[in-house]
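Next up: some structures, all given as structure tokens.
Below are two complexes that have chain A in common, paired first with chain B and then with chain C.
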Partner chain A sequence: MDKTTAGLDAFLAISVPLTGYSKIALVATGMAQSYLDAVHRVIGTEMTDEYLTLTARILQQTGGKEPALDREIRQQLLASLKYGPLTRNIIQMWYWGAWLPLPPAWMAKYGKGIKGNENHFVSPEAYQQGLIWNAMGSHPEGSKQPGFASWSIAPLS
Partner chain B sequence: METNQLISGVRHRLIRSGEPTLTEFNKITTIEGLRSHLQVAIELEHSTIPPYLFALYSIRENTNDTSARAIKGVVMEEMLHMILACNILNAVGGTPAISHKEFIPEYPTYLPHSNKAFEVNLQKFSKPAIETFLKIEKPAGKDAPPQPDRYASIGQFYEAIVDGLKRLGAKGNIFTGKRSRQIRPEQFYGGGGGLIEVYDLATAEEAISEIVGQGEGIDGTIEDNNHQLFGEELEYAHYFRFNEIHEERYYKPTDTPKGGPTGDKFPVDWNQVHNIKENIKMKDFKKGTEEWDMMYRFNKCYCDMLRVIHQTVNGEREKLEQAVMMMYQLKYLAQGLMNVPMGNGLYAAPSFEYVV
Partner chain C sequence: MENKEYDVVIVGSGIAGSIVAKTLTQAGKQVLLLEAGLEAGMAFDSEGAYKNYQDYLRSYYMALAKVPNAPYPDIKDAESPNVLDMTQINGKPDTKGYFVQNGPLPFASDYARAAGGTTLHWLGTCLRMLPNDFKMRSKYGQAVDWPIDYEYLKPYYEMAEREIGVSSDVSEQIYPNMGNDFFGKDYVFPMYKIPQSYIDKSFIDGIKGLKVSLNGDVYTPECTSTPQGRNSTPNEKYRYAATVWNKTSQKLELKPFPKESDVYVPVGAIWDPYSGQRCEGNASCVPICPVQAKYNALKTLKSAKKEHLTLLSQAVATQIHIDTSNGNITGVSYKQYPHPDSKDYTTGTAKGKIYVLAANAIENAKILLASGACKTSDQVGRNLMDHTVLLTWGLMKDKVYPFRGPGSTTNIPTFRDGDFRKHHAAWISPIDNWGWGWPTGSPDTDLDHAVSTLNLYGKDLRTYIGDLLSRQLLLHFECEQLPEKTNRVTIDNKYLDNIGNYRPIINYNVADYSLKAFKASKTVSDQIFAGMGVQDYTNYPANEPDYTTYDGQGYVFRGAGHVVGTHCMGTTEKNSVVNRDQQAWDHKNLYLVGAGNMATLGTSNPTLTLAALSFAAAENILKALK
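This part shows the complex of A and B:
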């Protein structure tokens, strides 16, 4: 298994508890590689690898089981000054399809010389594939249309 | 809607321009025989939809626009044909059945009531797939007289139905179905071509010529009948639209079926296609896995949609809107499946199987 695939597997593995969606549902968006590439592009390979090593360890130590997994994600990732903003960005990327700017305080401490931290959609497809639409039983405006007059019918599922 | 006698007359001549190819063997002589042929017509039109959709979905987003548009146009007309066949069956007092297990073919399959000359597979967008599509839409051959109840082309099959409608109609009124069971044009919002309400021989023939004309073109030309009759923007019959993809060349309006396309280059990129598994089945995955669940979800949505269409053509025509919502849903589910690797270089795809 080459490094890219290994990185993708680790990225998907932690994305499952972070998003609350199954691995296949995330794979089905077709966006996993693009999102991982976006992380690489903005924070660089070194910090990405460091982050994915940490998330792999969390998954391994907890055996992926609740409530330990939830606790460790909160303590080691979300509460961390370094990894918290990053983790929130990954979650938001899956839901919005967009990279949101990392906060100025984080940039000052960890992000010297980082480029591409502006608010941007990862790609036009990312906008369509955001999990938020599925989560709220809607569809991305101007795309993935649900059919004429569908608004008059209760959601199917 | 009043029938335009002139248009019906013109259409009538257009579909019967050749020598009759019917033999004594496959004449329809009873109302039951007519109804069962029309049920087969519905199944026949439907059986082409999964292979066309499978190929259409397999094209990568934002690539092969011209091919995708051509296939999408054809598949929307096949949906129209299916509803037209339901209208004719309802008009002669029948009840369309489209949500039972046997309604969905198991691919690979032969076309219903065909002479079994070729098999239809669920194949990704490729030259072999387009070759199969060309066989499906092949214009009626004068050199291939139909065998008893086995037809060499879709055109021959419909010829038998028109013949039966006339023979039985001459003995008494066969159009006994309730008008309220007809799907009307205003319900068929945004579909391909014109939906026709059927209540007599003229409207039934009009519906059939819409089906046959779009599919196979009018004898000796590459255009479909919409263009010739109504001066609509030039649109070629299905066979010729697929042939443009196959030959990677556009037809010119002056081209003939024999001569083939001689226009500009038709851009096709055979590589911009998801590498999905041909004739995939749910049993290719272990039951209970997320992958299997996703395959199931697509099939469930597909079968639920057929159930809603069944209700639509059996007296609840306002349900069509709900079916349309499900059609969009199907597309998104299929696109999701095609991102799911199977571990052997191939990717998952919709299997179009019957589930409850």
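This part shows the complex of A and C:
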């Protein structure tokens, strides 16, 4: 239990700079645990722990301050052959609710034997909680409907 | 059931079959309705209907590609076509999906084989056809004239608008060459117009005063609110309670409300009359309205007179039987499957005095061909039509916040009719409310591009998404396709489905008449974009399924989901499958209903017209049954 909670905290902590949303906004989606579970499910516990140890170190070493944080996220995560695809998947999972297939080159090098890497929505809720809709001033199509005639004025927020 | 003879046997519970079933049962006739789709889709009790619909919704949420058929069960024993199966055809038939596509171009539209039919995932646009749409031959020297005209259909359009529950303001409905009495004196729609979108307002403001040149003529593109089959605020001036059969006059009539104080009540969800009484802005009409504020045919079927209606689901009509001595139909054979994907089935034959095929234009053609029916004209399966849709898209200068509201709330009717129809197709231009979703797969494709190619993350990503997706503009140019003998549905023993029924084989192409309209409409789009300062992102990649070229330019068109033709009505048994009464020329007790009867397409989405025709057919059937 301790380990899972620790993992969740670390996952949320790095998700804040990765998504551009506050921790409270991410927690409020109710999806953090599901997304972390999806990462676990596909890449396994060992690599997940390794990844979250690295992200925690980045946050600690930079104190979460720019421009150091941006440099470390780009150099250690996004530019990394191993962690880049994974990081991009986590970002897109928060925004769209779906797991994207890790690319074949990544699978060949790091993903032997892993399962569940196909493109899929994590759950019906994940689709409805995607951050992309809020980012564009809308709501998930088919859910959280804003009411009659709401579309005829600019979004309120 | 085997031994019972009904007054009428109907095949299909889409809007055509449901309107006929409702009208006949309310007039006291005994009706058997066969539906190929799943039993669960036929649930009309609150709990059953709600649970089934929530299953549809869950499938929609989980579907990666939220295409028209995404929410609905994919049944092997009564397969539906899927737009995801459509690819370029290179020499040999493409058999991947339900259709066998012979090409040269793939037919790009689908339909749903489920209770309620394709109205489950229609957009809901409810435009009447224009008077000249019925006289393409005499007016423009193209295709054929219908055996009926706009005046004939007008009272039935009013019935269809009541049945569907159309929201629109008559005063804003101005179309080219509509004549002086298009709607009739004092006519109003059941509900006021669906509010136009924020995009519409920006677009209307941006296009103000713009003149565009086409073929040497100058046009001022006008924008008008689009009539829609979704619930809005009732218009207190609307006075009709129901469509009823008047035995004395032998006519269907719109019956006024009994009391002055009565008002039209929007028809809500089939599981709860108070749900969906207004459009709530889910922005997912295609493929599914979560609250059923958008009309679907289950609403009509639910209001049929239950005591007179027998529903048989999971029953796929395979063949009609013909008495060779007089041409009369003696029964409809069907295969009923107990499980959606198993090879098991039982067979039965349904018997009635009159038979109605309402299974969608392509399915109707299949049944007729399998039965050797309606052979005199050699027109069954031919004249398959669709609106070929050219899309153009770009970024507006300011944020207009798409991905909200119904799919389209405004259109440009300027090019729906005119002398140019002597040379090329007319078109209607809906302004789309859902960004670039259709042509590019937005919004998730934009997200992937931003993250994977632009290397954005965090606040920069959020800002980029907020800017790009809130400025997306999409225009449709829905071009009329003329009936062509070679655009057709056939069958072959080589291509059977899971329970041995025929799969439709489709030969399809687009003639110069439509291609010229692609060129013409693109010219108009270019002028609109330039005139409004829209950054044009339109592109037509040569690897798209329906990529075609005209006059040295490449175009990609899409299907509109408007499956029309295949058993067109006409003036003689030599040139058509049904007469003006929608009765098969060759079989007096067989009526064909649906968009298959339409002799030409015009620029209206066909559902309202086929609904109006279905009321006319129901009236003719009641007359025949007297």
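The rule we apply is simple: the second predicted complex is superposed on the first by the 156 of 157 C-alpha atoms of A that agree within 3 Å, B and C clash if a C-alpha of one lies under 4 Å from a C-alpha of the other, contacts with A are read in each partner's own complex, and residues count from 1 in each chain.
As a working rule, a contact is a pair of C-beta atoms (placed from the backbone, for glycine too) under 8 Å apart; a residue touches a chain by one contact, two chains touch by 3 or more.
Being a predicted model, the structure only gives us computed values, none of them experimental.
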| item | value |
| --- | --- |
| Combined model on chain A: chain C and chain B, fit or clash | fit |
| Contacts of A:135 with chain B and chain C, given as first, second, both or neither | second |
| Which superposed partner A:78 touches (first chain B, second chain C, both, neither) | second |
| Superposed model, chain A: greater residue contact from chain B or chain C | C |
| Vertex chain A angle, Cα centres of chain C and chain B, expressed to the nearest 10 degrees | 60 |
| Partner chain in contact with A:121 - chain B first, chain C second, else both or neither | second |
| Chain B versus chain C as contact partner of A:28, first or second or both or neither | first |
| Touched partner set for A:146, first chain B, second chain C, both or neither | both |
| A:18 touches, of chain B and chain C: first, second, both or neither? | second |
| Lowest C-alpha to C-alpha distance for chain C against chain B (Å) | 5 |
| Residues of chain A that lie at the interface with chain B and also at the interface with chain C | 145-150, 152-153 |
| For the chain A and chain B complex, residues of the former touching the latter | 22-25, 27-30, 125, 144-150, 152-153, 156 |
| For the chain B and chain A complex, residues of the former touching the latter | 61, 189-190, 290-291, 293-294, 321-322, 324-329, 332, 335-337, 339-341 |
| Complex interface listing, chain A residues touching chain C | 17-21, 70, 73-74, 78, 87-88, 91-92, 95-96, 98, 100, 119-121, 123-124, 127-128, 131-133, 135-139, 141-143, 145-155 |
| Contact footprint of chain A on chain C as seen in their complex | 57-58, 60-62, 64, 66, 195-198, 200-201, 232, 278-284, 288, 290-291, 399, 401-406, 409, 433-434, 443-444, 447-448, 451-452, 455, 457-463, 465-466, 469-470 |
